[in-house]
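Structures are listed in the sections that come next.
Two complexes, one shared chain (chain A), two partners (chain B, chain C).
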Partner chain A sequence: MNIPIVRLSSISKHFGRSTVLDGLDWQVMPGQVIGLLGRNGAGKSTLLECLLGLRETDGGSVTIYGEDVNALSDATRARIGYVPQKSDLFEWMTPRQMLDYVKALYPRWNDAKVDALLARWGFDGGMQDKPISKLSGGEQQRLSIIRALGPDPELLILDEPVSALDPVGRRDFLRELIDGVIERGTTVVFSTHILSDLERVALDIAFLKDGRITLQGQLDELLEGARRVTGPGALLDGVALAGEVRRHRSLDGTVSVVTQNGAALGAVGTQAGVRVETLSLEDLFIEVTQ
Partner chain B sequence: MNAALRDYHLLWRMALSIRHARTNTILFGFAVFAALCVGALVQLEEREPLHTASAAVRVALASLLGGWMVYFVPGAVKLNTPFTARMVPRMRRRLMGLTTLVWAIATASATLMSFDTRMVPAFVFLGTGSWIAAYGLGLSGHRAAGAVQCALVFPVVFNSSLPAGLFDSLAGLAVATLLMLALGAFALQAMFMNGGEKHYAACEARALQSERLSAAGQFRERKERKFGAALYLRVLRRDCRARDSGRLLGHLMGAQNHWVYRAIMLGRVVAVAACALLGMRLFASVDTKDMAAATGWIFASALLLVPLFDSERRNVRLKDTAAEQALFRLAPAMPGAAPAFNRKVDGVLLRGALLEWAMLAGTVLILSAMSGASASSMFMQACFCCLTLPLVGASLRNHAHRAGLLGWRLFLGAAASIGTSVAAGVALERALGLPLTAGAALASIVIALAVVAGGFARSRTAPFAFPAGRLA
Partner chain C sequence: MTTHSAQLFSIATGSPEPIYRQLVEQVRRLLAAGQMAPGDGLPSVREVAQALALNPMTVSKAYSLLEMEGLLTRRRGMGMIVADRPGPASSSAERAELLRPTLERAALEARQLELDPDTVLSLFTHILKEQA
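Right after this comes the complex of A and B.
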């Protein structure tokens, strides 16, 4: 049963001399909802594009539902939904024309869901007759999400889906994602910078740094286990902590160690001069991606 | 330095440095270069050191003044944003004052420099002043700018047709000067708006102007008239109902790149030409009609250049719709493997290019026929149309790669194809007695077939065509 839906093995990708993905291994299991995190330029979009076969990799292999990404069957592609970072697509069409156009490319299309989403997300009659180029960035992004949800995908890849949405738009999107997508057992991979949204939706998170997934796990477990241990170098130098994620030495000689396994700190955490702190997702993001 | 002078100095430097941080260095360098070149030529021609020095100084001054104006005025217009116009009104006033000063100095200097030359100082004075005002009006994004600039070309080109002594009389000169000043004041108001909706609209118009200078902006989708939009929508609906991926692919590059719009455009060309020719038949003299019959096909031939720009347009749109192509690539209606996918894309692009070529060739022949061209001219015209046929093969390329997506390769390829066809035509004429144009047309058809076959063969081993231009 637990066969990965998406499997990336030793993926490498270079742009000129710059290495974006460096022997990356990653798996996405059925029903997982993964938030992909990384700093600007870390390669999140490139990773998602390689995952979908939209970009050639320089090494390694990608399979989706067991098929090579460069030769996906029609049935497999019908199971994939994708929201790209750029949302001003088919800007010469009106929203309704664009949805009819995309519908014609898919064997199944959930008209009822699309109509309901259009109504709920404020696409009234007037707005549906406007060219997409005349819609605001947030409206275009909402339309892009509706388009991706139209074929009832089983694997949904979202590249920064909420970056242009206002708080109301984000809340609507997250509600739809939780009620209409995740509840149905859809596998979701999405990249975002908005950590508060991630905490509401993602069950798993993966950090992309230096071209690799440096840390991945269930969000609750990671936050529960993550600790920052700070103390004098004399005490912490030479002591390897279980689940160590990052070690940093300040100019004053203080050593700061971030571990994902706070329960296994043992005696180190109780020593005089050693401070142990729990981490928020934002702290963890900064510590892991710095 | 008092406050006003300090403001002017600061604004001058800010406006000049908007386009380039080292504008003065560039302009001084250019002025020296131009002065040396012109000085050397004058010295070679006249061998009069005084004349040489005078010409060199004038050219240097003119280059500097012209350069400063060309750099300063657009910069000043940009500095006056809707926000600064309202929030920093003094800045707007200073910019207007400085621009007026630049305009006055440039006009006066040009007039002074025209003394003791073959140019008429009054004409130089009015021409320079009006031209600078029209230039400023153009930069403001005002709709009338194009018309004013065109209107100014006429007195420059046809100055010999102007009434003799028009500017000799004080009254004539005064009226012309007042008109020039009125144009200048109008341009100044348009250039430095005082915020508000109109100012924002002008900023958008300016952004559109500069966007249209870029390749992407030139071929960007624009709003079409009702008839065209309605017709296109009918075809789009029909194609969506048919669920034919090939037809749907035809819409990928935008409405205005669909054959429906191309057909409408050519229909308009034919309609306008038909009206003009009808008017000519009714009102023109016999000589004019004969001339149209003899040479009309040459003018129609100009349309044969369109396939060159069509290929460029298609490639620009392919580059600009990469995100849309990504969705197409994932669509189940499209083939899943690269060779089949590329074949489908190439087939659709080739079909579109062939259709456009056929419509264009048809338009050219219709126009020639309407102009009363003889049968031999029509035959020659048809052969010329065939010379551009290999260009349809330009749509079959390795789209995944950026290299060759845009640039001169297409023009060089077209030139090589036409050159080869003409050479083959000459050879066939000598060997078989075939008319040169017919031989060249045959050769072009063979080249087109070879280019298309080569393109399809390449696409079998090429990476996925979409998204286009993703590889170096």
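Right after this comes the complex of A and C.
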């Protein structure tokens, strides 16, 4: 069980002069449900595309289920599902034509699930006969999710899967992810900016910053361990805290330190003038990605 | 003996308190207040996960923790039930202790607002009476 199914080693990717991925190492273990977080432009989509072999890297190697991503066997390819940020469906086809076409590419296809999702997500009736280009952004995104779930993938990669969905659509998607995907033991990696959704389903989170995974861990542990310690520089300047994530000094000399190891604070936190706060995921996101 | 539905629980995202922790504290409070009695059935992990749109692992983590503490028992074919308590129901001191995390947060905010204890206490007294 403890062999990573995805392994990225020293991945580099440049666009012109800008470095997007900078010697990035990352591993995904079987059964993990990981939320990938980072600022806009941090390179989350690039990372997921490199992970899937859809984009060439400038250095490093990627393996999925032990195979080089640039030479995946058909059998391994069939185990992977992907929902891209921008759906690249066959726009001239109707939803049903597209799904029939895609189905033929896979050795295994869950017709019952696809039909149930089509009905549940409003693709019955007239919409079946509309070309995909005429569907709304949200409808295209839902269709893209259905397409990815059709082959019952063992590894599901989702890049901002709900960005075009309204709150009801997002909740429907979460329920499907929980009931139809996570319960089957599927490994899931998804990027999102909607932290409330992520808190509901991701057990692990990984932060992408400056071209590397700078912080990764169990969401529960990160929340329970994270503390922001604020106080005058005179008290905090000389003290290095265990598990420091970020240290920041304001113009007035106040120092603020974020640590992921709140349990080890000891006497530092009890001094007069020093304030210790717990952090929400949103606080943590801001502290880690700044 | 009742079997409680998943409506029993509510969670808040965006909190520094992990969701499994929120579930554990809710069960503790319901037990302490006698709203759940020994032998009562809890909703299944799957029901709670579906109703609240949560990863089932988060729900089962909460249940396992409560089982380890002896508050819940796993009954074959019936899922989780409230354990028989050896002693009498929790004392009011024990129940008050359950309120501590919430009050500590309130105390922190009160200090940030530079409110004196009397003002805060009278506000709290007022809120308690309002909702009674």
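Just so it is clear, the second predicted complex is superposed on the first by the 289 of 290 C-alpha atoms of A that agree within 3 Å, B and C clash if a C-alpha of one lies under 4 Å from a C-alpha of the other, contacts with A are read in each partner's own complex, and residues count from 1 in each chain.
Please note the rule applied: a residue touches a chain if its C-beta (ideal position, glycine included) is under 8 Å from a C-beta of that chain, and two chains touch if they have at least 3 such contacts.
Everything numeric in this text was worked out from a predicted model, so none of it was measured.
> Specify the partner with more touching residues on chain A, choosing between chain B and chain C.
On the superposition, B touches more of the residues of chain A.
> Between chain B (first) and chain C (second), which, if any, makes contact with A:Glu199: first, second, both or neither?
A:Glu199 contacts chain C only, not chain B.
> Answer with first, second, both or neither: which of chain B and chain C does A:Ser280 touch in the superposed model?
The second partner, chain C, only.
> Touching A:Ile182, do we find chain B (first), chain C (second), both, or neither?
Second partner only.
> For A:Ala75, decide between first (touching chain B), second (touching chain C), both and neither.
Only chain B is touched by A:Ala75; chain C is not.
> Per the contact definition in the header, classify A:Tyr106: touching chain B only (first), chain C only (second), both, or neither.
Once the two structures are laid over each other on A, A:Tyr106 reaches chain B alone.
> Help me check something: in the complex, which residues belonging to chain A touch chain C?
33, 171, 174-175, 178-179, 182-183, 195-196, 199-203, 219-220, 223-224, 226, 277-283
> Contact residues on chain C for chain A in the complex?
That would be residues 13-21, 46, 49-50, 52-58, 61, 108 of chain C.
> For chain B, which residues are in contact with chain A within the complex?
Contact set of chain B toward chain A: 221, 223, 233, 236-237, 239-243, 245, 248, 251, 254-256, 323-324, 326-334, 336-338, 400, 463-464, 467, 470-472.
> Would you pull the chain A residues touching chain B in the complex into a rising list?
Where chain A meets chain B, its residues are 16, 49, 52-56, 70-78, 80, 82, 84, 86, 89-93, 97, 100-107, 131, 133, 147.
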